[in-house]
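The structure's right below; bear with me while I get my questions together.
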Amino acid sequence: MKQIYLDYNATTPVRPEVLEAMLPFYKEQFGNPSSVHWAGRAVAGAIEKAREQVAALLNASPAEIVFVSCGSEGDNMAIKGTLEALKGKGNHIITTAVEHPAVLETCQYLEKNGYDVTYLPVDCDGRLNLEDLEAAITDQTVLISVMWANNETGNIYRIEEIGAIAKKHNIRFHTDAVQAVGKLPIDVQKANVDLLVLSGHKIGAPKGVGAIYVRRGSRMVPLLHGGHQERNRRAGTQNVAGIVGLGVACEIAAAEREEVYQRMRTLRDKLEDGLLAQIPEIKLNGTPDRDHRLPNTLNVSFAYIEGESLLMNMDMHGIAASSGSACSSGSLEPSHVMGAMCVEITLAHSSTRFSLGPETTEEEIDTVLEVLPAAVQRLRDMSPLYNCGKSSSEACLICETVRRI
Amino acid sequence: MKQIYLDYNATTPVRPEVLEAMLPFYKEQFGNPSSVHWAGRAVAGAIEKAREQVAALLNASPAEIVFVSCGSEGDNMAIKGTLEALKGKGNHIITTAVEHPAVLETCQYLEKNGYDVTYLPVDCDGRLNLEDLEAAITDQTVLISVMWANNETGNIYRIEEIGAIAKKHNIRFHTDAVQAVGKLPIDVQKANVDLLVLSGHKIGAPKGVGAIYVRRGSRMVPLLHGGHQERNRRAGTQNVAGIVGLGVACEIAAAEREEVYQRMRTLRDKLEDGLLAQIPEIKLNGTPDRDHRLPNTLNVSFAYIEGESLLMNMDMHGIAASSGSACSSGSLEPSHVMGAMCVEITLAHSSTRFSLGPETTEEEIDTVLEVLPAAVQRLRDMSPLYNCGKSSSEACLICETVRRI
Amino acid sequence: MYTDKVMDHFTNPRNVGSIDDANGVGEVGNASCGDIMKIYLKVEDNIIKDVKFKTFGCGAAIATSSMVTEMAIGKTIEEALELSNQAVAEALDGLPAKKMHCSNLAADALHEAIKNYKEANG
Amino acid sequence: MYTDKVMDHFTNPRNVGSIDDANGVGEVGNASCGDIMKIYLKVEDNIIKDVKFKTFGCGAAIATSSMVTEMAIGKTIEEALELSNQAVAEALDGLPAKKMHCSNLAADALHEAIKNYKEANG
C-alpha cells in the first residue's frame, strides 16, 4: 500500500541534503565546539555557518540567533527569560487563546507565580481582533506573545501590525513562528519582532534542534544555566549535527520557499475544494480567506464522527493526517483551538487536519479525495448521532444532549 | 599526521553501531511519536525501547527515565524542578565547590532567588569530607547535589555513602553522573539516588540528547512546559534518532564497561607513570589513589607554562587534550575545580587533562609520551617564570608577585 | 498502540447497526469526552438473541462496542450483567492506559440496555 | 579561532629569549589572568637594536609578543611608543574577541621596557 503523509505540521522527514550535511559531524567531525584543538576547531566554524544560514532566512544578524533543542524550549525560554529579566517593570502578559501548549502552559505556569495573563479570544474562524489586543495593554504589560501561524488551522496572524502596536507601546514582542518559518516570508525587522522561535523538525531538519531569534539588546535570563555556550545564553554542549542540519534546511527554505508555497497551495486548494464538494455536512475550521491561511494546511470537521477513528480509517489506506480529538492528543479534552473558535463539541472531536509538504504530489491528493468520502460514510453509518432524529422509531435523547453542550 | 584524541571527557565520537541504529529515524521512520498513524506508531516503540536500555544500565525502571537534550538541561531540571516542587519545605541546598557549571551556576542563580547554598570545600586532592556534608545539613535542607565523578580530575565521590546520609535525613539526592555513566558501575537503588543525570555525547551517542533518572514519587516541576511528551515531564517533540542512539549506547556500555575500564585504566596508568617519570616539576591534580579516579582521566600541571599554549603545541602534533586554563575555557578565570583544590594559580593555568576512550591505543599513548617532554620544555624555555630567580642578572619581581597570590 | 484484536474489531466491527424492534436500548458516554455508545437488544426468553451497536468515538470505543456485542450474544440477562468493562478490555488483549477511562464503556452500555429492557418488560 | 598569522607566530615565535646586557626591561600581566609578558631591549642611539621576549600565556599572548618584537626592531624609541596593542592585533590579522583583553598586552610590555630604559638612561 502506498503511504501518503499529510501530517507535515506534526513533523517532516529530514531532507536528504540535510542528512548528508549532518553525517560528518557524527563521524570525523565529532569534536566539542568549545575545544581548542583540531577536533573542536573543525566544528566551531560549522556552527557559525549554520547561525548565518538561520539568520539569513529571518533577516536577522547571526549574533541574534541562539540554538536550542526544540520549539517548546524556545517558547519557554523566550517567555520565562524575558519576564524574569524585566521583573519589576510589570507582570502582565498578553497572548491568545489559540497558542501552542508550549506558550499556553508556560503562561498558565506563570499565572500560578504571580503574573497576570490575558488570553485574547478569537472569532469563529479563529481570527484575532487587534483592537482587543490594543485594549488589553496596561502599564503592567511587558510581553505580547502571538503565534505567526496556527498549527491546527493554519491561520496566519497579522504579525507586522502586532509588531507595530508592541513597538508603539514599548512592549517586548514574542512570536512562535514554528509553523510559519519555511512556509511564509519572515522578516524580523519588518515585523518588529523581538523574539522569534522556530523548530528544525518542521522544516526538513531533524528533531532535537530549534532556534530562537533574540533581538540585540533584548535582555533575557537563561533557562539553562551552566557553560558558556551560545554566548552564555544557553548552556549545554551544542547539538552540532542538528545545528548544521538546521542551517542547511534554512538555506533550502530560503531558496525554495516561494516555489514550494505555490505548489503546496495549489494542491491544498484542490483538496479543500474536493472535500467540501464531495462530502456533505463538513465544516471548514479556520479562516475561509485562503491568503490568510498557511498554504499547506486544511482543517475540517466531518459531522457525526470522531477524529481518531477517522484517522485510523485513513491509516488503513496509508493516509497519515491528524486530529483535534481528545483521543488523538493524549489529553481528555478536544483541541483548545477548536474550543476557542466555539466549534460545537462533537465537531471539535471530529476536526481533522491535512498538512501538506514540499514532497506532496497531486496523485496523493487524488487518492485522498477518492478514499475519504467512503471512509467518512462508513463511520457515519456506525454513529448514533447520524440520521438520529430522522428515524421515528425512537426518541433521540443523545442528539439533544449533544446539541445542548 | 596521525590524530590522537585524548579528550573523551569533553565529547566522544558517535559509535558506528549507534549511528547505524539512528539513521532510519531520519529517513523512513521520521514520524512524530505522538501521532496515531503509521508514521507515529513506527517511532513510539523505538523510544520506549531506548527507555528500557537506559533504565537497564542504571538499574532503574523505564518509567523513571526522562529524555532531555543534554546533561546541562538534566542538571537544571533536576535542581530547579525539585526545589520548586518542595517550595515551603525548605530553601537550603548542599553541593560541592567542584561541580560542573551546569550545577554550580544553577545554584548561584538560585541564591539570587532566595535559596541558601552550601558549597562544600574539597581538600588539596579534590576529596570531599562526608563529615562536613553531614554537618552542613539543617532543617531547611531539601536537596543534596554531588557529582558522581569530576570531569576535570576524574575524582570519584562516595555516592553510596552520600545516598545513605541523604536517606537518613530524608533529603532529596541528585547526582550529576555525566562522567561516571559508561565508565563506572551505576546502580541507583544501591546508591539511594533520587535524581541522576547523564549525557549522550559522553558515551558514544550523539550530542543533543541526555536523560534524567527521576525516582518514582520524586515530584518535580517541569523546566519545559507544553506538550504531553515524556508523561508531562518534558515538553517538546522528542529527538527520536538521538534517543534511539542513546539507548544503543547504554546497551553497549552495559555489555562492555568492565572490559573497557581495564583497557583504559592500563593505558592511563602508563601515561601517568610515564609523564611523572619523564617530566620534572609536574603536579598531579586529583586523588593519587587511582581506584578513586575515573579509569580514563589524568590531570597534571606542568610548572611555568600556560595550558592553552601547551594544548596548541600538542595540537601541532595531532594530540587533542584539554586544559583548565582561563584561555581555553572561555572565561577569564582558570578552572574553579583547581581553585577549590587550592592549586597555586600558575599551576591552575597550566592544568592539562588527558581523557582516554574505548578507542584509545597503546601506540597513541606512546606517541604522547614521546612528544610531551619536548613540548613542555619548549614552552618553559619561553616562559619568564622558568629558571627565574636562578639568573642573578636581574631582580625577579614577577616570580615574587606570582608566588604571593 | 492498539493490539491486533483491537485493530481487528475496529477494522471489521461485528454487529454494527440498530434493531428496529429492539426491546432494550442503552446509551452511555457524553460528547465532551468524545465517546457515545448505544446498544440495541433483542431479548427472548431471558436470552440475548440479537444485539447491535452504534458508536461515536475513537478506535477503542468502536472495538470495545464490537467486542461486547460478540460477548453478549446468546447469554442470559444475568450472565450479560456480569460482563465488565475490564473483561471486554481483556478480551481485546488490553487497551492503552489512557483509553481505559473514557473509551471503555461498552459493558456499561450493555447494562443500560438490559436495564431498559427490564424496566419495559419487568 | 586563530588566524594563520597568529598560528605562524605561535609556531615559530621570533626573538624568544632574554638579552644579558639589556638596557630596558618591561613586564606586564599577572598570574591570575594567566598572561605574563617580559620584554628585553637593547637600545643604541635612540634606536631599538635588539629586542627579545619571554611569555607565560596562551597562544595569543605568545603570538602578540613575537609580533611586537618584529615590529619594534629598528624603530626609534618615539616610533616604538606609538605602537599600540590594537596595531599588533591588526598585524596578526586580528584576534578572537575574548583574547583582546588579557592576552593582547605585548605593546604595553614594550612601552614598559622603554620606560625602564628612559629611567635608567634619561
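Chains here go by letter, A, B, C and D, matching the order in which they are written, and residues are numbered from 1 within each.
In this text, a residue touches a chain if its C-beta (ideal position, glycine included) is under 8 Å from a C-beta of that chain, and two chains touch if they have at least 3 such contacts.
As the structure is a computational prediction, the values presented were derived from the model and not from experiment.
Asker: If every chain is reduced to the average of its C-alpha atoms, which one ends up farthest from subunit B?
Answerer: That would be chain C.
Asker: When A-D is set beside A-C, which has more C-beta pairs in contact?
Answerer: Per the contact counts, A-C leads.
Asker: Just how far, in Å, is the C-alpha centre of subunit D from the one of subunit A?
Answerer: Subunit A and subunit D have C-alpha centres separated by 56 Å.
Asker: Suppose each chain is reduced to the average of its Cα coordinates; what separation in Å results between subunit A and subunit C?
Answerer: 38
Asker: Measuring from the mean C-alpha position of subunit C to the mean C-alpha position of subunit D, what distance in angstrom results?
Answerer: The mean C-alpha positions of subunit C and subunit D differ by 89 Å.
Asker: Per the centroid of Cα atoms for each chain, what is the distance between subunit A and subunit B, given in Å?
Answerer: Distance between chain centres: 36 Å.
Asker: Hey, what residues on subunit B touch two or more of the other chains?
Answerer: 36, 308, 312, 328, 330
Asker: For subunit D, which residues are shared contacts with two or more other chains?
Answerer: none
Asker: I'd like to see which chains touch which, written out pair by pair.
Answerer: A-B, A-C, A-D, B-C, B-D
Asker: Taking the touch rule as given, give the residues of subunit B at its contact with subunit C in the complex, in rising order.
Answerer: That would be residues 36, 41, 44 of subunit B.
Asker: Which residues, counting only subunit B, touch subunit A once they are in their complex?
Answerer: Result: residues 3, 5, 7, 10-14, 19, 26-27, 30-32, 34-40, 69-73, 75-76, 100-106, 108-109, 199, 201, 206-209, 223-228, 235-242, 308, 311-312, 314-315, 318-323, 328-331 of subunit B touch subunit A.
Asker: Which part of subunit C faces subunit A closely enough to touch in the complex?
Answerer: 10-11, 13, 16, 18, 20, 25, 27, 30-38, 54-62, 98-99, 101-103
Asker: Spell out the residues on subunit D that touch subunit A in their complex, using ranges where they run on.
Answerer: 1
Asker: Considering the complex alone, what residue numbers of subunit B touch subunit D?
Answerer: 304-309, 312, 316, 325-328, 330, 332-334, 345-346, 349, 381-385, 391, 393-394, 397-398, 401-402, 405
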